[in-house]
Amino acid sequence: MTGHPTSGSALPDRTAPGGVIPPLCTPLTEDRELDTASLERLCGFLLDAGVDGLFVNGSTGELAYHTDEVRLAALRVVSRVAGGSVPVLAGAVDLTTNRVVAQARAAREAGADAVVATVPFYSPTHPGEMADHFRAVREAVDLPLWAYDIPGNVQRKLPAQVAAELAAEGVLAGLKDSSGDLDEMRTLLALTEANGARGRGFTVLTGSETMADTALALGADGIVPGLGNIDPHGYLALHRAVRRGDTKEAAAEQLRLRRLFALTRVGDPARLGTYSAAIGAFKEALRHRGLIASATTPLPMRPLDDAERAEVARHLAQAGLGPV
Amino acid sequence: MTGHPTSGSALPDRTAPGGVIPPLCTPLTEDRELDTASLERLCGFLLDAGVDGLFVNGSTGELAYHTDEVRLAALRVVSRVAGGSVPVLAGAVDLTTNRVVAQARAAREAGADAVVATVPFYSPTHPGEMADHFRAVREAVDLPLWAYDIPGNVQRKLPAQVAAELAAEGVLAGLKDSSGDLDEMRTLLALTEANGARGRGFTVLTGSETMADTALALGADGIVPGLGNIDPHGYLALHRAVRRGDTKEAAAEQLRLRRLFALTRVGDPARLGTYSAAIGAFKEALRHRGLIASATTPLPMRPLDDAERAEVARHLAQAGLGPV
Amino acid sequence: MTGHPTSGSALPDRTAPGGVIPPLCTPLTEDRELDTASLERLCGFLLDAGVDGLFVNGSTGELAYHTDEVRLAALRVVSRVAGGSVPVLAGAVDLTTNRVVAQARAAREAGADAVVATVPFYSPTHPGEMADHFRAVREAVDLPLWAYDIPGNVQRKLPAQVAAELAAEGVLAGLKDSSGDLDEMRTLLALTEANGARGRGFTVLTGSETMADTALALGADGIVPGLGNIDPHGYLALHRAVRRGDTKEAAAEQLRLRRLFALTRVGDPARLGTYSAAIGAFKEALRHRGLIASATTPLPMRPLDDAERAEVARHLAQAGLGPV
Amino acid sequence: MTGHPTSGSALPDRTAPGGVIPPLCTPLTEDRELDTASLERLCGFLLDAGVDGLFVNGSTGELAYHTDEVRLAALRVVSRVAGGSVPVLAGAVDLTTNRVVAQARAAREAGADAVVATVPFYSPTHPGEMADHFRAVREAVDLPLWAYDIPGNVQRKLPAQVAAELAAEGVLAGLKDSSGDLDEMRTLLALTEANGARGRGFTVLTGSETMADTALALGADGIVPGLGNIDPHGYLALHRAVRRGDTKEAAAEQLRLRRLFALTRVGDPARLGTYSAAIGAFKEALRHRGLIASATTPLPMRPLDDAERAEVARHLAQAGLGPV
C-alpha cells in the first residue's frame, strides 16, 4: 500500500489476510495491569496453532476498557511476538474522525500492519458523513484501513452500498463484519465483486463464532472469532473443511464450536452485563487451559462466581479441551 | 469537597451550581483549529449576561469530535476567562472507567471545577456495574463528579435508583439529565430528597432547551441549554420567572425559545445527520450574532447550505435576536 | 357532530370531555368470562366519585386480550350504566384502516360516544399514510374520532404535526397521549392553538398516572389514568387543585399517587411480563377494595403470587385506601 | 394430527410441507374489493409451476389490512383452487390468545390445513407467557399450529428454546422464520433435532427471499418467499439445486433472485412506507406479468407512481420475466 488510497493497486498479501484471525483477549494481572507474559504465551499458542493473523484491541480485547497506554502496550507485545510472520490488525476505535486518526497514528507507530475503525458513534451520523469519516482517516494515516461494522456496539450499521463505494475508491482495504447480518454481507460481496474492489484485494472477515462456516461459504475471506483464542484448532479445522468443499465436516465442527460458545452465557444476568459474562468466560477458559495467569477483567466488569467458573470448565471438558 | 466521597459533607457552592449553565459551543477556525478568540468572546458574552456556570466539552461542545488536546485547550480557555467567577464543569466522556479516569484527571489539571461523566458505553453494562464505574472514577479523581445521563447518545439510562444511591454515598455531586425523561427525573428528585442527598447539596440540572420551565418547576436546580449559547438572556429570564413563581411568564418565554429552537431542524435529513444539522445551526446563529468568527464544524459533519443558513437567520429575526 | 368532518363546526361538549376519565379495567370471573356485575359496580363507584367520562377498551382494559364479543359486551354495560351522564369513549384498536373501521362501527352500535384509534401497526407506515388512515376511519364512521398515541405498544408515534393537521381538518376530535412525551404534547397544543383547532374544541388527554399534574399544567384538558380505577378521588383532587392554580397541592397529591403507582412493579420480571404485572396489580387492588370479585386476568397473562398480592395490599394501606 | 397435541404422533405429510410455499398476494379490484378471479389465476399459476403449498393471509398477503371477511374469503378461494393437491397454511394473526383462537377457528372452517400464529403483540409478553399462548391456541383449535416468528412486525422474537419446547410437546407443528436470524434458526434446528421433534415431523420454513439457499443448506425444510408469487420457477429451481447438493447452481439462482428483489426498493421513502413500497411492487410485477388485473393496495397504503412502476418493469425485464 503506497499511501495513495485511490490508486487501486493490489493490496499486499500481508495486510489483506484471509483465514483465521483471532481477536486477542487482553490478559490482566490480578491488580488489573497488562499481563505481558500471559499475552506473549497466548500469542505464541495461536501462532503455533497456525493462525493467519492477529487482531489486537477488538471488542474481545476489551478495547472499550483500556487506556491508550494499555492498548498500545498490548499492540507492541503482539507485534513483537508476531514478528512479521502474520499480519497484525489493530483496532483504532474512538468516537469520531479526529480521535480515530489519533488512535490510528499511534497504532501505526506501535507496529500495526492495518487499522480497524468503526463508523462514528455517540452522535448520529448520516451515511454520507460515514463515508467522509473513513476517507479522512485513510488520508491521514498511511496504513491499510478496515471498517469495523459492529452496530450492536456503535448503534449504526455501515450500509453495504457505502462500504462498497469506499472499497472501490481504495479507502477501505477490508471490512470486519460483526453485525451478524449475513444478508447484507452477501450484498457487500456482490457489490465489491461488481465494482472490481474484490479483484483488487478487498477483503471481508466475519466476527461470528457461530456462523463462521456459513459466512465462509457465502464468500467471506476469513473469520475473527473471539472463541478462537480458546480453540484455534477448531476454527482452523473448520476453515480448512470449508476451503476443501467439505460442507458436512465444516458444519460438524461448527456445531461443536456452537456448543462450546454456550460458555459465554454462564453468567447470571441479574448480576452481570452480557459483556462481562462473555469476556469473563473467555478469560476463565484461557486460564483453565493454562494460557493466561488470571481471568481478571477490567473495571467496572464484575467477575464470574465459583459456580459460573465451574460451568466454564464443564463446557471445556465437553468440547475436549484441557490444559495446553 | 475533601476527596472523601463518602463523608457526606456539604458540597461547596461553587461546584453545585444551579441556575443557567450553558454547554459551550466549541468555535473552530475555517481550517478546523480551535478558535480561541471566538471562544473567549462567547464566554465573555455569556458571563456578561449573568450565567451561573459554564459547561465545557458537553455534547453541544462536540465532545465526540475533538481530540484530547482540543478538549483540554478549550477547557483551559474557559477556565481562564471564568477566572473563578462561576464554576466550570467539564465533560470527561469516554468509553469506560479507565478512560474516563484519564479524561477526568486531565480535566482537573486544566482547571475544571467538576467533571461530568456518562455511564460506560460501547459494551452493555449492568446497573450494578454502572454504580461501580462512578465509584471508581470518583475515587480516582479528587473533584466533584456529575453523572451525565444521555441515553440517546450512550444507549443506556442511568436508573434513578442507582443515581440516588450514588448521591447518598457522596459519589455523585449532581446529575445532568439529557434524557428528556421528566418522569424519571422526578423520581430521582424524590429519592434524593428522601435519602438526604438533596439536603447535602445533590444537584439536578436538565439539558432540555424546550422543557426547561417544566423541569425547574418540578424541582430541577438548573438548566444546561445548548440554545443558551445563542440566547442566554432568554433562559435567564425564564429561570428568574420560575424562581419568583410566575409560571405564566416562564411559559411565555419558554414558548418563544421553543420556536427559536426550530432552527435546529433547518437541515435537510437527506444530506445531514441530525447532529450536524443542530450543531451547524447553533454555530451559524452564533456567527450571525457576531459571537464567533466561523460556523465551521469538525469532520465528518457536513455544513448547512445557503438556504439552510438563511432559515437560521429568519429564526433569529423572529426571535428578535440580532448581532450583539 | 354532523358527520362532515371537514366542516370545522364546534364539537359538542359531550364528546370533548376534559377532567378525569378513567380507562376502565375489565373484570373477569374466575373462568375468564366478562364479570358484568363487577363492571357495573366499578362504573358506579367511579361515577359516584364524580369522574368526567369513561374510557372502555383501552390498554388498561386489556383491549389486546379480548375478543370482539367481550369488547362489545363491556362497552354495552358501561354505556348503560353511564346512561348519558358522562361521555363514554371506546377503544377501536386494530391493525389497520379496514379493521379499525369495523371496530369503530361496532362500538358505535354498542353505545360509544366517541372512538379512540391508534396509528396502523404490524406493518411500518409513512406519516402521510397515518393521516390517510384517520381520514378514512373518520369518513366511514359517524362518531367523534380520537387518536390514541401509544408508541410503546404500536411502535410508531403520531407526529404532532400530523395530528395538528388532522385536528384542523376536523378529522380528529382529540388525542389521548400515552406516549409519555410531554415535549411533543406541548408542540401539539401549540400547533392546534395556532391553527384554530383548540378553539373549536380539539381536546388533549394524557394517559400518564405519574405526570398528570404536569400534563394538566402544560395545557392538557384531562387525564386518563389507569390508577384512577383504584383511586379516582385522588385524581379528582389533583385535577381540582391544578384547576384552581394550587400547584403545590397538586404536586403533593401527585406524589402520593406516584408512590401508590409503585404497586404496578410488584411482579417478578423473571416470571411475569410487565403488562401482566401492572394489570394484575390493578385488578388485585380493585378486588382488595371490594370493587370487583376476582383479580383474574385473560390468557396468557400469568397471575401475581401471594407475596406480590400482599405487596399490593401494603401499597393500598400506605395510600390510605381500604375496602369501599 | 389428532387433536391431542401432546401425543407426539407423527404429523401427516400434508400439514408438514417442505419445499416452496409462496405467501400469496391478495389481489384487489380497483375499488379495493377482493379480486377473486385474479386470486384464482395467481393460485393456478403457482400450482402449475409446481409449488409445494400455499400460505394465505401472511404479511405479503396484507394480513394487517384486511377485515376478517376478506381474510376468510381469500382463504376459501385458495382452499378451493388447491383442492387438496397441496396443503394450505393460513395466517391466524391477531393481538393475543383469545383473538387468535377466534381467527384460527374461522380459518379452520374456511378450509385451512394448518394455521400460523405470532406471539402476542401490542402488550409486552414474557417468554413463558408466549409458550402458554401457543398451548392455549393449540388446545382450542384442532389443526396443526405453526409459529410465525416475525419480530420486525410484532416486536418480540420467539426464543428458540421456547419454540423447541413447544415442538417437543407437540404444540407446534412447525415454525415460519421471518426473523432473518439464521443463527437462531440454526439453534432451533439443533434443539429440535436433539429433543426428537424433528424426527416426528417438526418443520422449519424461512420467509427470506434473499437467503433462501443458505437457510435450506442450514437445514430448513422449505421457503416461503413473497417474491415467489412473481417468480415461482426461480425458487423451485433454487430449491431443487440445494436438494441435489449443487450449491453453486443454487447460489447463482439466488443471486438472480436477490437482484430481482431490488424491485421492493423502488418506492420513494419520502412518500411511501417501506411496506407500501414492497407490496406495491409485488402487485405491480404480478399485474405486469398478467397474473392479476390491478396493482391496487388497501388503505392506507399509497400506490407507486409511474416512474416507480417503470422501475419494476425494468427489474422484471432484467430477470427475464415477461407476461405469462
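The letters A, B, C and D name the chains in turn, as written, and every chain counts its residues from 1.
The definition used in the following text is that contacts are C-beta pairs under 8 Å (C-beta built on N, C-alpha and C of every residue); 3 or more make two chains touch, one makes a residue touch a chain.
Labels paired with UniProt names: A, B, C, D = Dihydrodipicolinate synthase family protein.
Predicted, not measured: the structure shown is a model, and the values here were computed from it.
Engineer: In this assembly, which chains make contact with chain B and also with chain C?
Structural biologist: Chains touching both chain B and chain C: none.
Engineer: Could you work out how many touching-chain steps separate chain A from chain C at minimum?
Structural biologist: Minimal hop count between chain A and chain C: 2.
Engineer: With centres defined as the mean C-alpha position, give me the chain A-chain D separation in Å.
Structural biologist: The separation of the two C-alpha centroids amounts to 37 Å.
Engineer: With chain centres taken as the means of their Cα atoms, state the distance from chain B to chain D in Å.
Structural biologist: 50
Engineer: Among the residues of chain A, pick out those that touch two or more other chains and give their numbers.
Structural biologist: In chain A, nothing touches at least two other chains.
Engineer: Using the definition of touching given at the top, classify the network of chains in this structure as line, ring, star, complete or other.
Structural biologist: Topology of touching chains reads as a ring, each chain with two neighbours.
Engineer: If two chains touch, include that pair; go through all of them.
Structural biologist: According to the stated criterion, the contacting chain pairs are A-B, A-D, B-C, C-D.
Engineer: Which of the residues in chain B end up touching chain A in this complex?
Structural biologist: Touching chain A from chain B are residues 59, 63-68, 70, 93, 95-99, 102, 120-126, 128-130, 132-133, 136, 153-155, 269, 271-276, 298-302.
Engineer: Any idea which chain D residues touch chain A in the complex?
Structural biologist: 180-183, 186-187, 190, 208, 210-211, 214, 217-218, 247, 255, 258
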